[in-house]
Amino acid sequence: MSELAPRQLVDDLIVSNRILSNEGVLDAFGHVSARHTTTPDRFLISHTRAPELVEADDLQLLDLRGTRVAGGERRSYEEVAIHAAVYRQRADVGAVVHSHAASVIPFGVTGVPLRPIYHMASVIGDEIPVWDIAKRFGDTDLLVRDAAQADDLTAALGARTVVLMRGHGCVVTGSDVRAAVFASIYLERNATLLAAALRLGDVRSLSAAETQRAAAMLRGHAGERAWEYWVRRLPRRGA
Amino acid sequence: MSELAPRQLVDDLIVSNRILSNEGVLDAFGHVSARHTTTPDRFLISHTRAPELVEADDLQLLDLRGTRVAGGERRSYEEVAIHAAVYRQRADVGAVVHSHAASVIPFGVTGVPLRPIYHMASVIGDEIPVWDIAKRFGDTDLLVRDAAQADDLTAALGARTVVLMRGHGCVVTGSDVRAAVFASIYLERNATLLAAALRLGDVRSLSAAETQRAAAMLRGHAGERAWEYWVRRLPRRGA
Amino acid sequence: MSELAPRQLVDDLIVSNRILSNEGVLDAFGHVSARHTTTPDRFLISHTRAPELVEADDLQLLDLRGTRVAGGERRSYEEVAIHAAVYRQRADVGAVVHSHAASVIPFGVTGVPLRPIYHMASVIGDEIPVWDIAKRFGDTDLLVRDAAQADDLTAALGARTVVLMRGHGCVVTGSDVRAAVFASIYLERNATLLAAALRLGDVRSLSAAETQRAAAMLRGHAGERAWEYWVRRLPRRGA
Amino acid sequence: MSELAPRQLVDDLIVSNRILSNEGVLDAFGHVSARHTTTPDRFLISHTRAPELVEADDLQLLDLRGTRVAGGERRSYEEVAIHAAVYRQRADVGAVVHSHAASVIPFGVTGVPLRPIYHMASVIGDEIPVWDIAKRFGDTDLLVRDAAQADDLTAALGARTVVLMRGHGCVVTGSDVRAAVFASIYLERNATLLAAALRLGDVRSLSAAETQRAAAMLRGHAGERAWEYWVRRLPRRGA
């Protein structure tokens, strides 16, 4: 697979699939992609397979319309359009996670805003919009299947890090794979904590300035510390 | 056991018992059955044993009255009448799961409807009735012990996929074992998510049309992807 | 330890300590005892040690005042008075579990009655009193340290299976070790489910007659099926 | 590392990092320190690393201003100022835990007091203040980065065992490492239980006298029993 992309990128992408499964963000579904480091109009993503099982051989190279340009001929995920649209419209994004993380779903089907309540979750940003596919596309199977739907979703995302999808899940972006993993995990943790806090009473979220400052702090070496931890927590692969 | 049924059916049934235990749907109790592939008036089910421990040798072949016609002479589950009644009245059903999944029980003892709030749970259907054994049978031990009770339960199920049993658990059907497993797992996940969402505020469920379209989509290869994942998560059996 | 009691009783007691730890009923604290099978004015219990770690060598034989009459000289649990009082006053009881099971604690500090909402939990009985040590003994360290306190607790228990202790935990009784384990586990499961159901709305518990009939049913072979399951779930002890 | 501190202290500190990770109190972040046994104006703490991964070689010796005086030159945790300030101002404190324990965070962002509701949690004390960094320092990244901030936090802690930090986590103190671990774990357990109880209705906490008496009781051998248990639950380190 070294032909598809630099080894470091491939390794990070494989490991990110396993970390996000092990940390409860992904299950049989959801997917992670990474923009090609040196060919920015290409991105790497597995063919359709449960993330925890993804190996380097499963990766495909897609263009920014979601068309396979290298890698095995196996069927792509139904929703590669999401990834393609984000990479097209957001030059600052190097990795995209699409998940159905359990704690996040309830915020997509109620009107309750998902905001960071502790510094670790500041990376998800001060504001998280909820996109509803039905608004423009009526009754669907909820999947984002084409560029029109994906562009609409990406417009709702705007310049932010996270967008929720009503009745479906969420999209999390990052400057690189490790940043997207970090944001995905703390999005999940924060949603759990916020739901618990809301049951206790009125909740004070981080201020916009706190969110910005804490996020800047976490973009430093904290990410490497967490990545090392999550890697060590991975179950050993069968001998 | 190859005399009882084709190997593929036996394998799927054994593995489904283990998957549903490992994924938190079954514990010491509950059971899974499968209609015989080539003799549709027979179904396979274990003798009374915790599902996680079921091996091929534990299977029995029963007729549509719940009478054992092949397999070891060990005691049957108390509630084989449930399975027999569903297979009698629903020619489209190839597998039945009866569980006490924890997240589902609260919906059976309150008046709160259990409806799908995200696309993965669309397979449970737009409407899930709650059957109360006491309505026709008064104070019982809650078990469905005979054809009269099982027929009443199956009438409440109607043409749907799932029926809840007040103070007891639920019955989930599928066209085959893998479909019944998929619906059982996402019924459990959706009940957890819906309960969490209801604590946040008013919840928007999938529309009837969304439910139908998403369920049609999931009847495709998504099921195989999930099955592969759940199989890989199974603990290795003792060396 | 074969001098202390029949091997079967010793084995069941050791395994029950491990099962209740593995199933989330006991942690570093709590204890299980068993009345001596042939000398009913004696009972077996470990010296003070986390239940999961208890081995046959840790067992002591105590009389019905809680005084050690055989076994190693190590320090007894602070609260052996609980076990002694129950065995003194309840000839039908063959085993006692004292736990701080997490889901049960909230019912002891609020006025909300803990009642069975599904058939598996019928074994906990139709009515579970809450005993408050402060009522007769004022401000204490909450431990039941002497016969006066233990008798007061046992009076609150009466002829029932379970009594909650405000700000502390609960006592669960059984005709033998396996029955007490079964009731302890489903008490914990039911408390979790009832709390979840109460958050949804009004809850319909089992009727008194349903509770009685389902409990009678579960006293049969269902217990053996569950015991086999819980034993198989135990982690292997270090090689 | 035997040059840095007595072996027992080093061992307890390493094991405490692993216990608190394994018991769900620490994740990739948070840290534990211990005052040097014979040189009380020094304390031991790892360089910046996920607690579960900390080994003896990772420890550094710091003075009460948080300056490294022995051990490897690797980067310190950002918030060593917290530990230094507590050791400066509280001669009775021998160990400090800083965590983001999930169940505790909601109490820091709502006005709901975190009080002990069962005897095991009496060690957290009758009153737990919430410190808000914004009150004196405005919009920050929420980290406690200097002596002024740490002194303010420590003033809020006062003579108590625990202080919550709004939008961040908590600080738990102990006379030694094992006492701080005990309080940290039962703080986490009690926060979970209290949140669950508050959803049921009005909650009766321990009285101040009960809290004091139960805490005195738990300072005895109960701690050793729990420590043995938590050590045994640790996953074995690599092969």
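Order as written gives the chain letters A, B, C and D; numbering starts at 1 within each chain.
Operating definition for what follows: a contact is a pair of C-beta atoms (placed from the backbone, for glycine too) under 8 Å apart; a residue touches a chain by one contact, two chains touch by 3 or more.
Since the model is a prediction, treat every value here as computed from it, not as a measurement.
Looking at subunit A and subunit D, not one chain touches each of them.
Residue numbering at the subunit A/subunit B interface overlaps only partly, since under half of the positions present are found in both copies. Centroids of subunit B and subunit D (each the mean of its C-alpha atoms) stand 46 Å apart.
Averaging C-alpha coordinates per chain places the centre of subunit B 33 Å away from that of subunit C. Counting only residues that touch two or more partner chains, subunit A has 199. Shown here, the protein chains touch around one cycle, each chain meeting exactly two partners.
Those residues of subunit C that touch subunit D in the complex are listed here as 27-29, 48-50, 52-53, 75, 78, 100, 102-103, 105-112, 134, 139-143, 166-169, 195, 198-199.
Residue ranges on subunit C touching subunit B, taken from their complex, read 117-120, 122, 189, 192-193, 196-197, 199-207, 209-210, 213-214, 216-217, 221-222, 225-226, 228-230, 232-233.
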